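The two complexes that follow have subunit A in common; it is paired with subunit B in the first and with subunit C in the second.
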Partner chain A sequence: MISDNAKKQIDDWIAKYPQGRQSSAVMEALKIVQAENANQLSHDSIQAVADYLNMPGIAAAEVATFYENYNHQPVGKHIIRFCHNISCMLNGSDDLIAHLETKLGVKTGEVTKDGLISVKKVECLGACVGAPMFQIGDQYYENLTTDKIDDIVDGLK
Partner chain B sequence: MNEVCFKNLDKDQCWSLETYEASGGYSTWRKIIKGEYTPDEIINELKISGLRGRGGAGFPTGLKWSFMPRNAQGQKYIVCNSDEGEPGTCKDRDILRFNPHAVIEGMAIGSYVMDATVGYNYIRGEFMEPIKRFEGALKEAYAAGLLGKNINGSEVSFDLYSHLGAGAYICGEETALLESIEGKKGQPRFKPPFPANVGLFGKPTTINNTESFASVPDIMQNGGQWFADLGVENSGGTKLFSVSGHINNPANYEVSMGMPFSELLTLAGGMRNGAKLKAVIPGGSSTPVLTAEAAMAMTMDYDGIDKAGSMLGAGSVIIMDDSTCMVEVLTRLAHFYYDESCGQCTPCREGTGWLYRVLKRIMDGKGKADDIDLLLGVQEKIMGNTICALGDAAAMPVESFLRNFREEFEYFIEHKKSMVKG
Partner chain C sequence: MADIKIEIDGQIVNAKAGETLIAVTDREGISVPRFCYHKKLSTSASCRMCLVDIEGVPKPQTSCSTPVSDGMKIYTQNEKAKASQKAVMEFLLINHPLDCPICDQGGECELQDVAVEYGSDVSRFSEGKRVVAASDIGPLIQTDMTRCIHCTRCVRFGSEIAGMMEMGGTGRGEDLKIEPFLTQGITSELSGNMIDVCPVGALTSKPFRYELRSWQMASVDSIARHDLTGSNIYAQTYKGQVKRVVSGDNEAVNETWISDRDRFSYEGLSHKNRLLAPQIKVAGQWKEVEWDVALDFAVKGLNKHVLNNRKAHQLGGLASNTATTEEFYLMQKLLRELGCENLDYRLNVNNLEQAIVLASNIKLEALESVDYAMVIGSNLRLEQPMINHRLRKAQLAGAEICALNVKEFDYNLKISHTTVAPQEIATLLAGVLKSVLEKKAVELPEYLEHISSSELSIELAEKLLNAENSVIVLGEHIVNNAQAASIAQLVTDIAEQVTGSTLNVSMTSNSLGAQYAHFVPTSAGMNANEMLQADMRAFLLLDVYPEYDFHHASSAIEALSKEDVFVVSLNSFNNDLTAEYADVILPMAAMYETSGSHVNINNDIQSFKAVVQAPEEAKPAWKILKVLADLLELPGFHYENSSQISSELAHQPHEHSHDSAIDLTSKDDTVETIWMHSAYHTDVLLRHTAALGASQIGQTHLASMNVATAEALALKSGDVYLGVPIDITDTVADQCVFVSSNQATIGGL
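On to the complex of A and B.
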């Protein structure tokens, strides 16, 4: 259920915490397993993480459902996480989100038919001086315009 | 400008160990390793500096460090709060990207003062670029023999790790953050006991904000008095202000405490398109909104913003021009707290939902005549009745928006449309 590569990464995280406190690594372990499973966490993979960290399944499930960045429904290969909070809103994020939805033919929360992209409205991502902005993978894209969005989205493969 | 956390901002590779050391970085830490400082000397210097917690609460850092039972047996921890996520706030992101070694040295100095040989920097999980910079700086510091056990054969040990968030604003609350490091839901703990007595893994722990830690090395290098003199009474030093919204040059500005707001506005290029200033949220979304008149008369320091009727918070200045519909802004903020409430305390869990739903129905043209009283009643019932400050943070904007811009809410309810946008 958990690949050897994932186990190795999880072990690196466990090493940061005191002996017997391996459950501190649960947040990262869930991220690592999610990344290997089409960006999604199943009940079985949450249980596998719990077993690996020697913690109750329900404790791992609590973490997996409390935090925003775990997905329990199918998502696109790329998730566009669009900030719609105050600084972005003041800079026109609502219109840009509408533009993105029209361009992709999906609403926020949905996945494009080819499974490539999903769009999610998120709360503040902490880049307010670069508003409006969104995140794809590891990357923040700031000072967005409709043209910039078109370029970025057209480049996703 | 740019005298402390941002002092190397214009240099090439400003985040590198080489740049940091060239401007005196790690000189205090090296002295500590050589045994040239006592913990009390450092605490004293911090007290003179007037440094107050930069995460929002403004608690004096020197005093906080003195609360740790340094001589208690057993493991103690030092934790940095880089879980930046309050709408309007984005300064710690830049400190981590552009001056990560100052955070490391500040934490190292604190670890020595409080005899906490292990530290964690809790960085919000979305901050991949800052995380890579911080991790890179950690590697450099270890490779240079500045971190680890018995550094340079001394008695001094400090191991530092990052811990990454996974999307929860509440983890910026210090006890929720500790729960999160322990691999649990980020739900705040009752205080007391305070973290200085029962903190991470049940051990004495001190938590400070990124900017607070990053200010410590320069305070030690130049002296507490130097830092205090950069600012004004009760607000020593400089402060990073994240200026966003309807402004020509949105950015993080490191300026002296006590700068008039009007000067900061000019520094940030003035109002976009020459529009008229309507409102300012001076310290992040949790702090009360101010009218243009109140803001223009204010100075940017703890007392100055307090006098104007708000709080310095994290220094997150959101600028709004006269095209802004205040009903729309408050609704968006209410949604944020509704979304981010951890659900532990009933007044916050239920109250934030009520605030959002009532505001949403006003926005949808379905507001009722007594909705304003309802909103005021709900915020009053949240205020002061929850374990942590998120409840208050959700309540305060509601009260201040309704106090300062009540006519816009009344108009929206009566005419079923925005007074500003039509």
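On to the complex of A and C.
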């Protein structure tokens, strides 16, 4: 379930914590395993991570379902992580999300047919000064408008 | 902790520095509302309901997570405290459904009770409420997670007490859900306690679903008798039926937890298989008759077959280990008055010459403070759940626990497993004793001189010697070991040398009651196995089901079915085999339907009353035995209630254990089979409990062996061994098969 390469990376993280506290590496371990499985965590891979770190499956699942960065459904090559918390919402994120959905022909949580893009609503990303905003990969895009969104999305390959 | 004084609502109270505030208010009887706090669980302070005002602290504080300090002034009822509590209540009710009329928790719901005092009449929340789909977590617990208020008591119970974190909180914020991760549901043997700790109707008893309201039932305290703990319970009854069992509090016995076995076994009482009327066999045909006819038939039969011609030595008495102490006492008194010394309850022992004699000399509470425990031959977690719970507490406090078993069982505590073949346990322990004696520079007895101490035995000896407070636990799997008596003696000797304690859990249920009531044969009489081989003319049976209870099940059935053997059988349940061999069947009360007492591992004699009446014509066995004795014209059976029997019994002198000779020679190369019933099939009531039988533990039906053994027996994956599907695993020792079965032994051994 977990590749040797992934195990090696996880072991590096385990080594950073005191002995017997290997479960502290759960967030990184989930991330590593997710990266190897089409950017997605299945029930079985969460259990595999838990077994590898010698912790209960449910404890790993608690972490995996708490953070937005773990995906439990198929995702596209690019994930547009749209903030819908208060500052963005007051600045019109709801309408922009609707625009994006219409443009791509998908609902939030879904993937475009070509598998390129998926949209996810996320909690505050700490960029309220540039609301409304979203994140693709490591990049923040701020002060969004419908035109700006069209440009950004059309540029995704 | 230093003694301090604090002021609560203007009243000065004593406390210990560092105690939580809620512990102090609870002790003083000051009511503070709470949902997530539980005295036996860690503090999570997540429900916020126990907010109180503390002078000098600007914001209200949760009393479950606030340690008290000298001079603290606390207000639990002032405007600020009340306002905060009401605000929290309003938040908790935002998503809680108003389905109290169809909720099983209604009437005994902590949320409902607190809402009456702190809730508002009208909700200001007009949006939609959160809905959570129910998940099926097994046959014992019903979930309605829409009602969940996320107190996490069940989650903490799982990880802290049951030792297996099965429930957890997934998602976050509004999407937070309490659910199990594993699809097979909840598997803990203590899972039912989650029902007790749940403050709302999210987790309720599945067998009890939609049955009754709590206020309709009478709650009677009783004692559970399925294991050696004798957990204190409340049996809740309605119209003469036990409807539910919940845990009682007794720190010295079960604290506040009970096993699922004790909680759900009541369900079997209303099984359609209950025996409801006395029956006699006339010319091969069964006939339901009145009690006086049946008893008269029994007395005439006993007179004809044994008593009239002074053949009392050809009469045998056999009883199940679930009988009450009073029943054991009365039955042995009856038999001995008739001049019969043949009586036994040790039906599941292969060789009674090798019967284990070992006293337990450590109490349940003291088990928590051992620093080293050696468990020999027991799957303690399933066989004696509350004893295992105490050892788990010891382990969490730093004790080291090691297991010498034929199989690596799933323990819920950190334990170092060593698999040892049954043929090698005695030699291993002899090595331990030798090593202990050598280290203490004590002269070796002759039989140890030729024993070589293995590395393992030297290591175990060192650990035992280094421990200040050790215990050796001897379990059920040793009962049929060819060297059982020697093993027990070695355990006694080792414990004595290392000044440790011993705990004998090799016989369960009320076996200690049987010993206390002298229900064991003296040298003048025959034991259970001897009776099966002897030329017997009559048997008196107390709730015996040979296909499950006997190790030698087929010889037992053969012995009972012989022509011209007169069998009087007292039973709580119908059984096809009983109908074949018995001549009179007398319906007896089951657990909860009779008064008496149970002797637990602490040697506490815990008495209980009958909680309900036995159904239809069934009567408590002590009454049946008393009337039988009267009709046999025996003196001294003028009892009016079972406590008169108990007090007579208390005046009888009790024997002490004796030393057995140690024999390490017998050893052969054949494969040993250890046959254990699944933890939910150990007695007749449990075998009739549908919900327990349907649970994962109750479904266990596997013969485990390692590859080498499978090869030696010419078995491969998918085959059956003695009628049981095999499981080839390297967690089993060489040369043995460990069977855990939910079916009759017959066909097996």
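Quick notes
Operating definition for what follows: the second predicted complex is superposed on the first by the 157 of 157 C-alpha atoms of A that agree within 3 Å, B and C clash if a C-alpha of one lies under 4 Å from a C-alpha of the other, contacts with A are read in each partner's own complex, and residues count from 1 in each chain.
Heads up, the rule we're going with is that a contact is a pair of C-beta atoms (placed from the backbone, for glycine too) under 8 Å apart; a residue touches a chain by one contact, two chains touch by 3 or more.
What you see is a predicted model, and the numbers here were worked out from it, not measured in a lab.
By the touch criterion defined above, A:62 reaches both subunit B and subunit C. Between subunit B and subunit C, it is B that contacts the larger number of residues in subunit A.
Subunit A residues 59, 62, 66, 123 lie at the interface with subunit B in one structure and with subunit C in the other.
Residues 159, 164-173, 180-182 of subunit C are the ones that touch subunit A when the two sit in their complex.
Remark: subunit A residues 16, 18, 21, 23-28, 30-31, 53, 55, 59, 62-63, 66-70, 81, 84-87, 89-91, 122-131, 135, 137-140 touch subunit B in the complex.
For subunit B in complex with subunit A, the residues that touch the partner chain are 75, 84-90, 92-93, 120, 124-129, 161, 163-169, 180-186, 201, 242-246, 250-252, 281, 285, 316, 318, 320, 324, 328-329, 332-333, 336, 339-340, 342. Residue ranges of subunit A in contact with subunit C, taken from their complex: 43, 46-47, 56-59, 61-62, 65-66, 123.
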